[in-house]
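Each chain gets a letter, A, B, C, D, E and F, in the order it is written, and its residues are counted from 1.
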Amino acid sequence: MKLITAIIRETQLNQVHEELIHAEIERITVSRVSGHGRQKREEIYRGQVVIPSLIPKIKIEIAVNDAFVDQTIDAIIRGAKTEGDNVGDGKIFVTNLEQCIRIRTSERGSEAI
Amino acid sequence: MKLITAIIRETQLNQVHEELIHAEIERITVSRVSGHGRQKREEIYRGQVVIPSLIPKIKIEIAVNDAFVDQTIDAIIRGAKTEGDNVGDGKIFVTNLEQCIRIRTSERGSEAI
Amino acid sequence: MKLITAIIRETQLNQVHEELIHAEIERITVSRVSGHGRQKREEIYRGQVVIPSLIPKIKIEIAVNDAFVDQTIDAIIRGAKTEGDNVGDGKIFVTNLEQCIRIRTSERGSEAI
Amino acid sequence: MNRNLKILLSLPLIFISLGAFAQGTDTDHGITSWMLTSTALVLLMVPGLAMFYGGLVRTKNVLGTMMHSFTAMGVMTILWAAVGYSMSFGGNILGGWFGWSPDYFFLQGIDNSIIKDDAGMGIIPEYIFTMFQGKFAIITPAILAGAFAERVTFKGYVIFIALWGLLVYNPLCHWVWASDGFLFNMDAIDFAGGTVVHISAGVSGLVAAIYLGARRGNYKKMTPNNLVMTMMGVGLLWVGWFGFNAGSSINSGLSTAQALTVTQIAAAAGAVTWLLIEGFHQGKASALGLASGVLAGLVAITPAAGVVTPIGALALGFFASVICYGALILKNKLGYDDTLDAFGIHGVGGIVGAIFLTFFIRASWFDGMESYFFTGNRTMAEQLGIQSFAVGIAIVYSIISTLIVLLVVDKTIGLRSTKEEEMKGLDDSYHGERGYGMVNPQ
Amino acid sequence: MNRNLKILLSLPLIFISLGAFAQGTDTDHGITSWMLTSTALVLLMVPGLAMFYGGLVRTKNVLGTMMHSFTAMGVMTILWAAVGYSMSFGGNILGGWFGWSPDYFFLQGIDNSIIKDDAGMGIIPEYIFTMFQGKFAIITPAILAGAFAERVTFKGYVIFIALWGLLVYNPLCHWVWASDGFLFNMDAIDFAGGTVVHISAGVSGLVAAIYLGARRGNYKKMTPNNLVMTMMGVGLLWVGWFGFNAGSSINSGLSTAQALTVTQIAAAAGAVTWLLIEGFHQGKASALGLASGVLAGLVAITPAAGVVTPIGALALGFFASVICYGALILKNKLGYDDTLDAFGIHGVGGIVGAIFLTFFIRASWFDGMESYFFTGNRTMAEQLGIQSFAVGIAIVYSIISTLIVLLVVDKTIGLRSTKEEEMKGLDDSYHGERGYGMVNPQ
Amino acid sequence: MNRNLKILLSLPLIFISLGAFAQGTDTDHGITSWMLTSTALVLLMVPGLAMFYGGLVRTKNVLGTMMHSFTAMGVMTILWAAVGYSMSFGGNILGGWFGWSPDYFFLQGIDNSIIKDDAGMGIIPEYIFTMFQGKFAIITPAILAGAFAERVTFKGYVIFIALWGLLVYNPLCHWVWASDGFLFNMDAIDFAGGTVVHISAGVSGLVAAIYLGARRGNYKKMTPNNLVMTMMGVGLLWVGWFGFNAGSSINSGLSTAQALTVTQIAAAAGAVTWLLIEGFHQGKASALGLASGVLAGLVAITPAAGVVTPIGALALGFFASVICYGALILKNKLGYDDTLDAFGIHGVGGIVGAIFLTFFIRASWFDGMESYFFTGNRTMAEQLGIQSFAVGIAIVYSIISTLIVLLVVDKTIGLRSTKEEEMKGLDDSYHGERGYGMVNPQ
């Protein structure tokens, strides 16, 4: 089992979610984060452009069985990539998931994902 | 060392926390997340039932030494499970933790947990 | 590749961020969490001292190539440690990162970090 | 002790003298005071509405939605001072389509004008009447904006409300409230803006919502970003509505007190009714439900506040909530996307008020009227006909002229947001800002 | 220029004529204006209180707590119009337990009623007095609700406040403010509601808090969800309190100005005192501390606003903060769970005000009084006795009758939340909503 | 029906009699009513400012910043009642540096004082004038505090504003508004506080910001924590400003209506102008931009509200936004850290208003003036000279005396936060609290 973590633009959340559902990945966990990377985001403050050092981003975490890793990643990329070549589209991280437990049933392992 | 991540109902946080303390797991990190799974949660909006696609959840992260993994998981389940068989009780994920450092003392490894 | 997760004081975020940039670690993801550890934090509520059981903290996540792990950890410690020996300075967790993908380019592996 | 006081006096006297020594510029200080207060109270409704609406949209649109109200405060004020007051309260031109008086252009001719009663006694400076009425011209497009929240460009919005004010609001206001307006002269009752404000905003909003199409995404799953602020907003709206209704008496006496009393009771009746319906229908009585009931009650009592008794107010509040509740259920069936229910609450509530008030008019009113425009007593049925006619006119005129405005704006500068703008949210796309910095680490 | 104006005039005239031509319905427009404003200001206190209280509870209860205030606005308004005004200001029945006047039932008999002075000159329409007083009947149970916040069912709450208003508030109001009320006729001083509003709410709240038991969980570790909103709330409360106190003069003259001045000074004195105490006691002076001091000062000046001078206001604000601060320390020792300190601030502050005012009454007051109810001068000690007696009556009556109401509600419909409901939070359990959508990704 | 009413009457009569039977204490109820309302409205500006400023800082400083406003409400009220009113409106002492009257010490001598007009008719109780003016003494340091937000200790702030009020505000207020003030007698026009309030706050703020140095960290990258609250705040400020300006007429008549009208128009003109500039300059028109334009317009009309016509208000709003916008661009070049632009908006806007008003004075004003202090007509150039002189005096005096206060506070108790305190944030360091509990799991 793998844990897939994606940092995406706030604006792409809906689209990523839809793509995942298309790919039959129904279970996800989402949170608000701020990121610093190559992207610069402008805000207006009293006639001045301000470039905050941290940009609001969305983090998505998905636990999947090994067989689903690729299609999950592809779905995220489809949903998160914006037109053109814009820094800030985000990153996907994959780590190994040793165990997964469904609290309701105490099931363990790939059943529980 | 393992990193245990649990996604639970917002309402169970206090109970899970108490169970963990009972089990002598004193250190935890908690955050606000939203989740999508099988659970449906109803809100009322001007006389209509609305089913938001993302449901507010709580994420708990706990770094533990290997010997404590099972009792931690059990404590979480005790605190997070609601009566009956209700979808939405949540999930527990276990990943391997390679290193742990206490910033204050620069201690490393299982001492630092 | 490793994923480095640090839980630090809210007040140290700016300093940690600066130290990381000094150490040429430019990309980070930050989020709001609450923590329970040995630290006690006092708030005043109508003339009473209240000690909330959860203390607001900041979580920083950084994906780095193996060669950078140590300098990243050192930079975090430099930025997060407060003068004296104060519980609450936080923790650093290191986990293994199996894959990293840049969404914009679909690059994979250490290029994409 | 009064040695210093005497000296002190020269301060207020400078200003007082400006008024007091000029010929015939004396006013009724008490009525003037209440009208000044009412003007402030109605202004308070604009931030109140911004908060009410702002709390209901999604996080990314909170500022953009609040800006709809605040920008109306800027744009409509200037337009009103320039031409709006003249178009609304000047003498009939173009066959009574709207009014015009050169004196009113940029308010240049009313610098010392005092509104007097029959006996020639000064009541209030005309400026106050102008400003009080101007607030209605601000809030009407701001209410309307709720119908197409979360999906219009800022530039397009500004042009839209400017044109809408000129083409829709000002004529309607003239017809209903100017002394030579044709609906006014038919004795259509609209105390504080049932047709002029709420029906026109609600119906025009509906037209715009349908014309522009629904928000992108599954809009039936979208939830409010800040109901807490919505509740604060409804609190300010309720308070401000006292100015709206009791101020419309242009008095500080019995008629004012009557208007205030029925306003309070109708709002309360609307609130309790909505809570009861929702409690029975859904098993839970929501905070937004209470807020909606308050609004429905307030909207319905608006045209009626001068003519009904407390019992009538209770009934109007009740019917408003029942019928608006039904209208919202129906909307979900019909499937158009009136984002914040500008039509469902203001349009429907305004219609309920304007029609149903007929059944609750206090007896003395019928006598009072005849001394002015009638030679015999009028029956309730006759008044019902008049009310229905006025409502019908307001609806038809709003539909047609709003469509024209929409077409003009849409074909020139554009009104609907692009997909990218809508996904990013109004705040980022048009204003370059975020509403809630504190929810992310800064 | 005035050609259009003349025409325009017919608009206001319609309404003005209703008042002006009816026999004897003329009012003092200035006083009426201020009383209208005061009514609006006191209404503003209700959202103010909702914000103040709402910010102090936990996130999951924010809407439910605000609903306690807003629902009181709906329910109490209707009850007041129906029977409350009659029970409070009608003539003595049942040996003076409360009042009743058939005319007042649903306010049906006061549609043209004007309150007149001795000389027969109209002051204000009775409707305004009714509505002004009605706001007090709204805010009192809303204050009380702070004592049992975060742990009662919505349905139970609604029934509770309805019964409490009938059984506790209306009789107390009658005794203290009706001209045939027995405390009124003893010359007990309660200018704007020390006993009627604050002591009754505070003491009843304490009784309810103890009866219902503490919130589940370690309630001493719970922290506010939004102190920023609490501060906004206290700002609105301060502003609204001008209506509360200065409006209670039912005038727009010297007595009004005196009441407003001491209100401002007592609030400031309370704030500064609390900051100082907390600064010395805890090393930090908190925002909630300032807010609590403001409230303590405002509560204490409420009964006293008509009779004390600025120096007295300073002293009352000071003593209120000192003693309320002490009371909160004591509460933590005693261990009952008065969630938002309805008793600690309103109960204690009200008692401080009602008793201590005796020492700061302006000299002229003693003379003024005797012309009405006394034949000789009264000593301070005599007045102290009267005040203490009135406070004692209010406390005892509140305890007994609140217990009865609690028993009735608890045994029938139920008042305390179940464990599940409490853990989920009021917002989700009873209202099906979330206060802050923006804190989670939507 | 009136049987009960008669009885009821004794309630209001007690209080009314206090005023009515005392000799010569009658007031103009209408003007009194509006002045009471104005006092409440100006008080509303304080929470409004707290919200406006509070939303602009970083999350960790939100309560500390709001406390700057709220604490001013406490501290300045007490100082004002004690000595401030005396120093401002007492007779000249120390060669006219400030005023003093023993009667005014703790307001002890004005308990029955009524301000009368030339004919000896009572206008308002002096208490109301005192309290109305007192609100200005509260809000001025609260505005100033925006310049050094996010970096001063709480204790130091309290001492600073206390001294600043005594040394800077009270003398300035005396010079400009007391009948024996030297600027007053030069006919310097400052209707509602352009020099006294805005220039003094803005300039003093600039001095303090430079003296204290910039915030630690890259302050050009800091973003607001809650623009939504900032917008609510600007809404309340706008409403409250009606009291500020229209109340300064100390009337309830034509001059009041004129002041209110130009206030509304200048605010709107400022808002629209700022939106346009920002739209052209940055491609986006921000919500904070609108808010800043509203403020710039309101500040500029403040000194002018009694003398300009609507067209003049339009022009003042326009120029204020253009010049303030320019000033903010310049500030970023110069690089001092006026956190919330107390100088950029209030200082600059105040100067624009005080100078530019000269060009828009209504013709009749020049005639009106001469009857008091002149024997011939005055030219616009003469008035321009007077205005510039008054502005110059206010600037120079503010700079020098603020520097003295800064030195005193800094060298004794300390004003600048330590690095640790600044990093932790004011809320935690000085108040032991968090603004937004709800953003983290509780």
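The rule is simple: a contact is a pair of C-beta atoms (placed from the backbone, for glycine too) under 8 Å apart; a residue touches a chain by one contact, two chains touch by 3 or more.
Predicted, not measured: the structure shown is a model, and the values here were computed from it.
Any chain bridging chain D and chain F, meaning touching each of them, is among A, B, C, E; the list is complete. In this structure, the chain pairs A-D and A-E differ in their number of contacting C-beta pairs, and the larger number is found at A-D. Chain B and chain C have Cα centroids separated by 19 Å.
One simple way to say how far apart two chains are is to compare their mean CA positions; for chain B and chain F this gives 51 Å.
A separation of 49 Å divides the Cα centre of chain C from that of chain E.
Measuring from the averaged C-alpha position of chain E to that of chain F gives a distance of 31 Å.
For chain C, the set of residues touching two or more other chains reads 30-34, 43-44, 52-54, 95-96. Along chain F, residues 28-31, 33-34, 37, 62, 126, 222-224, 226, 232, 282, 284, 286, 288, 431-436, 439-442 each make contact with two or more other chains. Taken as a graph of touching chains, this assembly is complete, with every chain in contact with every other.
Remark: chain C residues 3, 17, 26-32, 61, 63, 95-106, 112 touch chain A in the complex. Those residues of chain D lying in contact with chain C across their complex are 439-441. Residues 2, 6-8, 31-38, 53-54, 57, 59, 73, 76-77, 80-81, 85-96 of chain C touch chain B in their complex. Of all residues in chain F, those touching chain E in their complex are 1-5, 7-20, 22, 25-34, 36-37, 39-40, 43-44, 46-48, 50-51, 54, 62-63, 66-67, 70-71, 73-75, 77-78, 81, 106-108, 111-112, 114, 124-128, 130-131, 134, 154-155, 226, 229, 232, 427, 430-439, 442. Put simply, chain F touches chain A in their complex at residues 218, 220-224, 277-278, 281-282, 284, 286, 288-289, 292, 325, 328-329, 332, 341, 344.
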